[in-house]
Structure formats: structure tokens, C-alpha cells
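The structures come next, written out as C-alpha cells.
Below are two complexes that have chain A in common, paired first with chain B and then with chain C.
Let's look at the complex of A and B:
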């Protein structure tokens, strides 16, 4: 069970101790097919049913709209289970975070959003 | 990545006192916005480009006193024009943030979607950009149509 993905442009890894998936680098894959491995990693995390899943995006420098779609889809799926809480961590020093991460709260009103 | 390079180059035209945090922050905002928008426009151009035509994909940055216009031109198959124009009409007639949420919910429910359809919407909702389009017949017989998508950002 691969709980991490490492490429030249981005790294994604799951820390079971904190139920946190961290995204580092730049994500600009071309569509759902290319984002599928990341979607699968997230689905595996969801299957573990932790009380709360945290998406740590503090070091995610770039995310294209297909990536926003992929993360949104995951958040919607978690919302539908109604059993797992969500938290998203953004950065105060990455410009797009302030613009785009609040949309996740509109998708899932109970989602905890922090800019660290 | 060409979008990042363009964005980086562009910020050299928005000078300010490099010792001021507000200048650095403003430049970071411009760079981030242009990088995102240029990348989305180029991705769209590559996806919707008419494969049967040699018409090149073109990207242009225009600097104005109050902002930047990023334009990308690509060929589009004549059969795809009606559908695209209908989509533009839908965009112009809707409240973007409502349409954005609807689209996300729809994409989440559909396992077969191949295209998120979010690029232009996020420019409206997250970057308060203004969008414009120009369609031109570049060649008749065979018919080649070019579409230019223009995104105006106030900085």
C-alpha cells in the first residue's frame, strides 16, 4: 500500500500518527487520469477512517484547476460519509492559498481551515 | 514551465521599492496570478486545439497601467465552436461562484469526467478576472477557426 508518491515536481505523503496527508511542490497534471494515483492514495487514507483527516498544503506552491477538482472531489466524498472530519492547512506566504482554499469550506462547511 | 517564466519576467515591469514588504507581496501576488492564469489558458489551448490544423498556439501578455491582459489563441474545430459559445453564454449569464460549486459537485458525482471545466471559472471566482473571447475564420476550405481567450487582471 503506497502511502507516498515522490516525483521530481511534487511529493505527497501520509503520516498515520497525525492522519495528515502532506503535499509538497507543484501540481499541474493534465486531468483526472493523471491525478488518479493521488486520488487512490487519498481513498486509501479515507478507508482507514481516522476521526479527522488533515490536508497539509503549506508547501504546495502551485495547483492547477484539475488539481483543485481532485481535492474538491475528495472533500465532497468525506463530507458524504459524515463520519470523518476534515482540516486543511495553508500557508500565509503562498499567494494562491488565500484566494482558493476558502472554497473548500464552501464545499464542506465544518471543514477547519488554518493559514500557518 | 513557461507560465512561471512569463509570470516571473512580468513582475520586473511592476517595480517598487524592493525593501518594502508591500512591494514584494504585490509582486508575489502578480506572479502567482499570472502564472496560474497563463498555465490554465495554455492547458485549455492544448486540450481544445484543432489537431487537423497547423495553426500555432500563441500566448501574449499586455501590460496596462491598471493591470495585465493574458491572451492565448488556438485553433478550434468548426464542430466545437457552437458548444464552446454556448458555454461562454452560460458563464456570462451565471453567478460564477454558484456555477463553480455546481460544477465541483457534478464532477465529484461523475466518475467519467475527463475535463474539470474549472479553469475559466476559477479565474472569475478566485482572481476576479474579466474574460473575453474573439473568434476568427483564419482559412476557408479547409475551414480553420481560431479563438483567442483574453483574461484581464487588475493588479
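Let's look at the complex of A and C:
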């Protein structure tokens, strides 16, 4: 079970203790096909069915359109299970976080959004 | 056949199912709308962010570049492809005296910025400006330009370079230029310096030539060889009281009856004669490794280091030259002259004597006095060349020469006798062969004389004279023998 993806541009890892998936670096993969591995990691986390999944995006400097698309779809999936709660952590100092992450609450009204 | 009619419950279930489907689809549609909006908004946000970052970076880059250009201590000018001034850095403005000027065309560049050909009042032709040549795609340099400012003229060196775009066309021309006043001044200084050095060198050469001439001139008055013997290179180094002792041969030569001869001539004729004679005799000495120590009127005193042979050969040479000279004299109606030469060898002391203000060289030795005496004897015996026993002993090979004994002299203050010999190599051929033929008879006669057997001696001398009537020595001895016989008889 791959709970970690490490590349030069970005690192993604899952911490079971806190059920937190952390995203670090810049994500600018071109298209759903390239985001598939990350999508799979997220799906695996969802399968574990923790009470609450936290997405830690505090150190995610950059995310392209395909990326936000993928994350958005993930959130919809979690909403559909209706068994897992969702929390997203953003950064006050990264410009696009404020605007773009709020849309996640539109997709899943109960989603907990914090800017740290 | 009966058509199966769906039951009411089935229909209701179907309706319910379809209603649920509609709900689901509505939800999905809502989700998709949100997704679309989210993605679009995110894209916009990110694009704005990136754009402003790009601008920021470009601006920073431009600022840095401008800083660099401004900091460069040489002038930088950039023209666009149309030749319009695009940028002039701070240093450039300082040098040009002004910044970017609105120009109508490239042709006005020289005029507008007051660029002239260095050292003239001619405007620099614009097509030769490195900047203009750069516009044509050339790398160019020039260092013959001057900017005429109101207060001064500034010499410049300019480099021009084109900047090409991707298509290979000239996009910009950049010129870098600097004030080369200092360098030009340094060059001028250098030229001046080189000229000074050259002049100095010329003067030095002249001085050296003069010194060389002077040294040569000195040498004619004080022979180099004399100085060398004293251990000096230059006459300047010589001190009063310097001396050296050396084994040498000394030659004295004198003209017979010169006083009588000179009385027949005017002082000018005397002078001319002496110089004619001495200048003929000098080579005989110098070509035999000797040097003339002094002239005393018509007399010559010459010195020879080491080899007695040199002195004897010199004496013989002098006599041969005399023969030719006498033929010439008789040819022009002058009386022929006779000379006498005396040679002795021994230890001589050479040195400087005199006072601080007037020094002269001198040779002091008994040997010198003896040589002089021997020279005097030439007159008595009527032979031109006499040498001492010491000289004979120092000859490498006495048999090379025609030599016979002539006399014995007592040296003043000493009890010893010195034997004196005649060297007759220069005799006229008949005399030479006659003397040689008589040599054994002559020698025996001299021996008998020694033993005081005057009668027998006399007979042998008579025999010599029969075959050689001109043998003066034999004649003198014959008379002596007769005189001594009569003297003895008288007792």
C-alpha cells in the first residue's frame, strides 16, 4: 500500500495516526492520467474509512486546474459515502488558497476549512 | 395473447426509482457546475498570480541590468535598428557631455555629439563611427576620435558591436567607449622619453668616439705597451713613482754626423727631414713587437720585451729600410745618411719620474747606458749594428744571423768585460759573403790578438783585407796590431 509519493517537485504522504494526507510543493501534472497515482492514494485512504480525513495543504505552493479538479472529485466521493468527515487545512500566506479552497465547502457543506 | 400489464405497485416503484434518479442527476449536475466553476476560478486565480510574478521578475531583471550598466565605468550607448539612441549610461553621458539626443538620422551622430578626428577640426565621418558600423552588422574599433566639449577636447576609444535578433538581423547596436586622455598622454610621454634616450645614446656614442680618439692620441705620446708593462690599462691610472722591473732588450739608433747635416738645412727642412726619417724607422720597431720609448732629436730609443731576436731583427730591418731611403735620397739629389744601432739586453726598470704636475716615463738601468755606449762604438768601428754579449746569449738561434766578435768593453764601475758583436746581415751582398768566407780566419786573428800574438794576428788580418778591402774592423785591428807591436818593440 503506497502511502507516500515523493518527487522532486512535490511530496504527498499519509499519516495514519491523524488520518492526514499532507501535500508539499508544487503540483502541475498535465491531466487526469498523470494525477491517477495521487487519486489512487486518496482512494486507499478513503477505503480505510477513518472517522475524519484531513487534507493538509499548508505547504502546497502551487496547484494547477487538473489538480484542483482531482481534489474536488475526491471530496465529492467522500461526501457520497456519508460516513467520513472532511477537513482541509490551507495557508494564509499562499495567495490562491483563500479563494480556491472555499469552493470545497460548496461541494461538501460540512467540510471543515482552516487557514493556518 | 395477453399483454402483461404492469401492476400499479410496479409503476409506483418505477416512478420512485426514476424520481430518485432525477434527484441523483440533479445532484450530479450541481456538483459538476460547482466543479466547473471551481476549476475555472482556480485557473484564473493562478494565472493572475503567475502573471504578476512574471512582471515582477522582468522588472527586477531590468532594474539589475540598469544598475550594472550604470555602474560600468565606461560609456555605453545603445542604438535601435533605426539608429535612434535607445540608451546611454551614466558614464556615457558624462563623457559625451549629454544624454540621449533626438536625432533625425544616424548621419547627424558626429555633428550632434561633436565627434571629431583627433588632432583636427574635421567632423568624424559618420560611416566610420564604430556605432554606425555596428548598425551594419560589423564589429568595429576606433581610437582616433575626439569629443570637442566646451571646456576641453576628450580623446576617445570606441568599440562597436551589433546585437542580432533570432532572424539574424541587426536589432541593436551597442558602443562602449572610454576616455583615453591618460593613455594618450602616457604614449606622448613615452615617445618623448624614447627620443631623449635616443639623443642620450647619440651623445654617448659621440663621447665614446671622442674618448677613443683621445686614447689613441695619448697612445702616440705614451705607448700603450709602456702602460701595460706598468700594469695599467689607462694613462689616467698612472701614479708618480710607479715602477716595474723587466727583462728587456733596448735598442739605440742614431744618425751619423747629424749635426753637420742639419747645419746645411733650414729649421723647416730639419724638421721635415727628421719626421721623414723617423716615420720610416718606426714601423721597423713596431712590426717586431717593440715600442719606441723616446725620440731624442734624431736618436731613437726602443724597447723590446723578452725576445732579443725581435730587437736584432728590428735593427736589421731598419738598415734595410735605410738602404731604400738612401736610394730615394740620391735619386732626388740629397746626401745619403748613415745610422748606427746598438742593442743590449738585461734587467730594466721602467717607471714614472718627476713631480706631481709634470710626470714622465723613464727607463733606468745600467743596461740602457751600455746600449748607448755600444751604439757609440758603431762609429768607431765603422759598422752599423752592434749587439752585446747579453743580447747574443738571449738569441734563440744565433746561427740564424751573421755575427762576429768586434770588441770587449769594460762596464763602468765594474771589473767585468762585456763582449760586443757585429751583426752584418744588412751588409751589401759582396761584403756579407766576403765576411762570412773570412770568418774563421777573422776569429783566429781575434784570438791571437787576445793572446797578444800581434804579429801572427796582423798577418791574418792582412789576409782578410786582401779578400775584403772594405772590412773596417779588420783594418782597425791591423793598425792596432802594428801599433802594439811597435809599442812592445819600443820597450
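Keep in mind that, in the parts below, the second predicted complex is superposed on the first by the 116 of 116 C-alpha atoms of A that agree within 3 Å, B and C clash if a C-alpha of one lies under 4 Å from a C-alpha of the other, contacts with A are read in each partner's own complex, and residues count from 1 in each chain.
As a working rule, a residue touches a chain if its C-beta (ideal position, glycine included) is under 8 Å from a C-beta of that chain, and two chains touch if they have at least 3 such contacts.
Computed from a prediction, not measured in an experiment: that's the story for all the values here.
K.L.:
For the three-chain model obtained by superposing on chain A, do chain B and chain C clash or fit?
P.N.:
Here chain B and chain C cannot both sit on chain A without a clash.
K.L.:
Going by the contact rule stated at the top, is it chain B or chain C that touches a larger number of residues on chain A?
P.N.:
Tallying touched residues of chain A, the top partner is B.
K.L.:
On the A-aligned overlay, A:77 touches which partner chain: chain B = first, chain C = second, or both, or neither?
P.N.:
first
K.L.:
Taking the superposition on A as described, I'd like to know which of chain B and chain C A:96 touches: first, second, both or neither.
P.N.:
Both partners.
K.L.:
Between chain B (first) and chain C (second), which, if any, makes contact with A:62: first, second, both or neither?
P.N.:
Touch status of A:62: both partners.
K.L.:
Quick check on the superposed pair: does A:106 touch chain B, chain C, both, or neither? Answer first, second, both or neither.
P.N.:
both
K.L.:
First (chain B), second (chain C), both or neither: which does A:31 touch?
P.N.:
first
K.L.:
If I apply the document's touch criterion, which positions on chain A are contacted by chain B in one structure and by chain C in the other?
P.N.:
62, 64-65, 68-69, 72-73, 76, 95-96, 99-100, 103, 106-107
K.L.:
Can you name the residues of chain C that touch chain A in the complex?
P.N.:
It comes out as residues 31, 34-35, 37-39, 41-43, 45-46, 49.
K.L.:
Would you mind writing out the residues of chain A in touch with chain C in their complex?
P.N.:
Touching chain C: residues 62-65, 68-69, 72-73, 76, 95-96, 99-100, 103-104, 106-107 of chain A.
K.L.:
Of all residues in chain A, which touch chain B in the complex?
P.N.:
Counting only chain A, the residues touching chain B are 26, 28, 30-33, 62, 64-66, 68-69, 72-73, 76-77, 94-96, 99-100, 103, 106-107.
K.L.:
Per the contact definition, I'd like the list of chain B residues that touch chain A in the complex.
P.N.:
1, 4, 28-29, 31-33, 35-36, 39-40, 43, 47, 97, 100-101, 104-105, 107-108, 113-116, 118-119, 121-122, 125-127
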